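Here chain A shows up in two complexes: once beside chain B, once beside chain C.
Take a look at the complex of A and B:
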């Protein structure tokens, strides 16, 4: 079966219309923006941590949560089965669904960066890192969406994810006291923050490749998990 | 060449046999109904969908075997489920547009909207539609998909008359368009109204229920009809109560209480006040006994109390239903040949 952009766009457009009328998801999606306004107005020169608190929040709330809610709703309303039996392939369905969350995440991050006044020293590297990270959160959202059965369940299951990835930088502070927690350093959000700090200190892409690689490993493993779960759920759901 | 071919399909769940091996073919332009219990139906659907593994037997659509090449199989078969979901916040038009694009169809949205009579609801969201209207959107989805074989699960359950009429027209159109139609239902009446060929599937296997044979069978029956009234005249006191069996007891009913009698797997089921009772006589015997009370054999497998008939619905030129005035507003099929007889009785030409 050949990849059809038409079907992907059809799913994408349907989701835009559907989401624009879904108040529950819409309101939680706008959450990072007031936070960005708050941080932007409180201090003249917010630290990197503050910028990334907002950005990570956008990742967790927009990319992961919206994606998770979109998939969970398709399952709850019995519409995913119709899609699975349609000529649209697994890849077309998932990319159609992800496209919307990606666009929304990019828009939210750009707006919040403008509001907090974040100006990365090297725009290209930071944009690349953020873009790769988005894929991780989308895959994570898809995975959680496939595991849940309804929107309500989805919003509960994304809570720990939001805490872990949205507020991960606070966990880092605990690692000094509890060395067994040192694995949090390898979480994609912390890696992203490290990368941003380095970039702000004026290093080039050759010095941050290790952080990019760690994030990429997260992306790849999350994608593999999604594909495995989708295949499994498609049969026994 | 059959469009849908089911070969030696069987299902056992744990120790019980759900249905033994059976074979069924749906040819070009044919509509077939399988009347079964709810579990048999859901098992059949899961098998047709390829969700539950088939332990023995084979399903193929247009020679594409389900077990071999799933994608080709699925592109040729379209299934309308009873619990199909829709995007509740989207309008009818959005749905039509989405289906048209996802199935890469060249059907015209406006034509189809006219066909399922949803033009006036065009920009209404699905959430505000009635159940029948939602079922019509699902019909439209299958038309957009345009497969070779159309499978419908309980197409006329709980729907209004308009939806049923549209569905019947759809089935006739599909038959003319050389498609195959398979209807899975638990309701014998709708199976007989909707399909040319009706089967009953249960733990005893697949049994054809003769729908077309009624014209031939009629002559043999009319022979009995002539003889029996003579016997009635011999009896000096006419005792008209109809015996039924409830567990071990025998219950006698006054003929006028009876709504209608249905023949089910060789037995007569007498429906009184919405409840079926097992009769002790065959349909032909009952018909002879009940004729003086204004009962009418409206179908090979049905006798109806004419006093209780409220409406006669004409679905197409050849298919009719009687609607009773009992609580459930039961619908009973009326066959083409019997329609003429009924008109005679009513004094119509």
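Take a look at the complex of A and C:
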């Protein structure tokens, strides 16, 4: 299989040009920031839960929601078919279409962390876990975008997903009362928060490999679903 | 001559509805092939099957000698271009930026943008944002994008349907230029004049079947009643048969200076379509 970075960059470049005129994406990207400012101002040392409420919101709103909207718009305007019929491979198109959301998510998370004053005890482990998590949310957004036909539909379909992955830690508090919700402990956002807590307590990478593995399983599963759905969407029903 | 498209017993069902029943035809390399039929006759479905956007229910649909499903292999993508009803443009980008993206995807020099925009008569509009273009202009930008990589085979689904006569002529000239350079063109249209002007051969598609296939001129001759109409100077119209009797009568009108004009009564492709299918082309 050949891979053309030129094609990936071409799609990314196109999305960057489009971004300055895309108010929908720009406003979604800014949404986690007021929360970060609030948490940063109310407490001198916000808890890990507070930091990760903002970070998970950035995942849900920027990585998942923006990505979903970008893909849904390509479908709504019939431009995705043009890409699919071009010599660009599935991997090149999906990579190109994900780059903007990845960059925006990283920027939002970095600004949010600066605003809330988050200083991880081990930057490398936390950065690695956040970076792997971004791929899950990007894949989730891509999947939802492929399943919808318009931006309007995408806005509706992402709501429950944003609640589950953005505010999953609230659901975790309910697991004692509702055991059927115990699955939330394995959600990538909960695993990331758990990992961050452990890291803050001073553990090394060997002690958090299980959390990293669970997040990686979510990434791989989501990527497989994306590729299968993408191939199906390349053919009209 | 080598066939670039081969379709045999092609069938396509949507739920319980038959879109294509038993379609058979081939397209020769280097020709402009017209696929004519009224709306809903299966023209777009055929293009989508031939360009790997739709699976056939049954039958053979070969393009470049391989089943159309193989066109998703990278090497084939550069060999064809397609314009259908599900083609779209990036509305917030300029005409130039839209084409630039496709230059990068197809590994084509940016210089080609100027050439294709000239072909569709849109050079002055290249810096305009696509959302500000009229429907006809959008159609022309999409056409320009289709030509960009100078494909071996071009699938065009009603390419001039929303264009005025001047711009249609520009497109027709552009298509002839491409064809002269060796591009095979598969053109669907319900515009019979367009088909007569451009196509080397035409197929009439009706109710999911190819009803007739031949060169436009041969079809007109085949369906002609071998008569001509002579308009006389006194306003009368006389129908003459193409035989000895008719030629004698014609000679008389000519030699006595009574003849004002003469024309053949060959049917148009539209007339032939109605005769064969009993349907009008809409």
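Here, the second predicted complex is superposed on the first by the 235 of 237 C-alpha atoms of A that agree within 3 Å, B and C clash if a C-alpha of one lies under 4 Å from a C-alpha of the other, contacts with A are read in each partner's own complex, and residues count from 1 in each chain.
Throughout what follows, contacts are C-beta pairs under 8 Å (C-beta built on N, C-alpha and C of every residue); 3 or more make two chains touch, one makes a residue touch a chain.
Just so we're clear, the structure is a prediction, and the values are computed from it rather than from any experiment.
Participant: Evaluate whether chain B and chain C can sit on chain A together after superposition, giving fit or clash.
Facilitator: Overlaying the two structures gives a clash between chain B and chain C.
Participant: With both complexes superposed on chain A, which partner does A:10 reach: first (chain B), second (chain C), both or neither?
Facilitator: The answer is both, since A:10 touches chain B and chain C.
Participant: So, does A:79 touch the first partner chain B, the second partner chain C, both, or neither?
Facilitator: both
Participant: Scan A:88 for contacts with chain B and chain C and give back first, second, both or neither.
Facilitator: both
Participant: Among the options 21-29, 237-245, 273-281 or 327-335, identify the stretch of chain B whose C-alpha atoms clash with chain C after superposing on A.
Facilitator: 21-29
Participant: Enumerate the residues of chain A that count as touching chain B in its complex and touching chain C in the other.
Facilitator: Chain A residues touching both partners: 6-7, 9-11, 13-14, 17-18, 21-22, 77-79, 81-83, 85-88, 235.
Participant: Where on chain B is chain A touching in the complex?
Facilitator: Listed in rising order, the residues are 49, 51, 71, 74-75, 79, 81, 83-90, 94, 97-98, 101-104, 125, 141, 145.
Participant: Where on chain A does chain C make contact in their complex?
Facilitator: 2, 6-7, 9-11, 13-14, 17-18, 21-22, 77-79, 81-83, 85-89, 234-236
Participant: Tell me, which parts of chain C touch chain A in their complex?
Facilitator: Result: residues 48, 51-55, 72, 74, 77-78, 82, 86-93, 97, 101-102, 104-107, 145 of chain C touch chain A.
Participant: Applying the document's contact rule, which stretches of chain A touch chain B when the two form their complex?
Facilitator: Per the touch definition, chain A meets chain B at residues 1, 4, 6-7, 9-11, 13-14, 17-18, 21-22, 77-79, 81-83, 85-88, 235.
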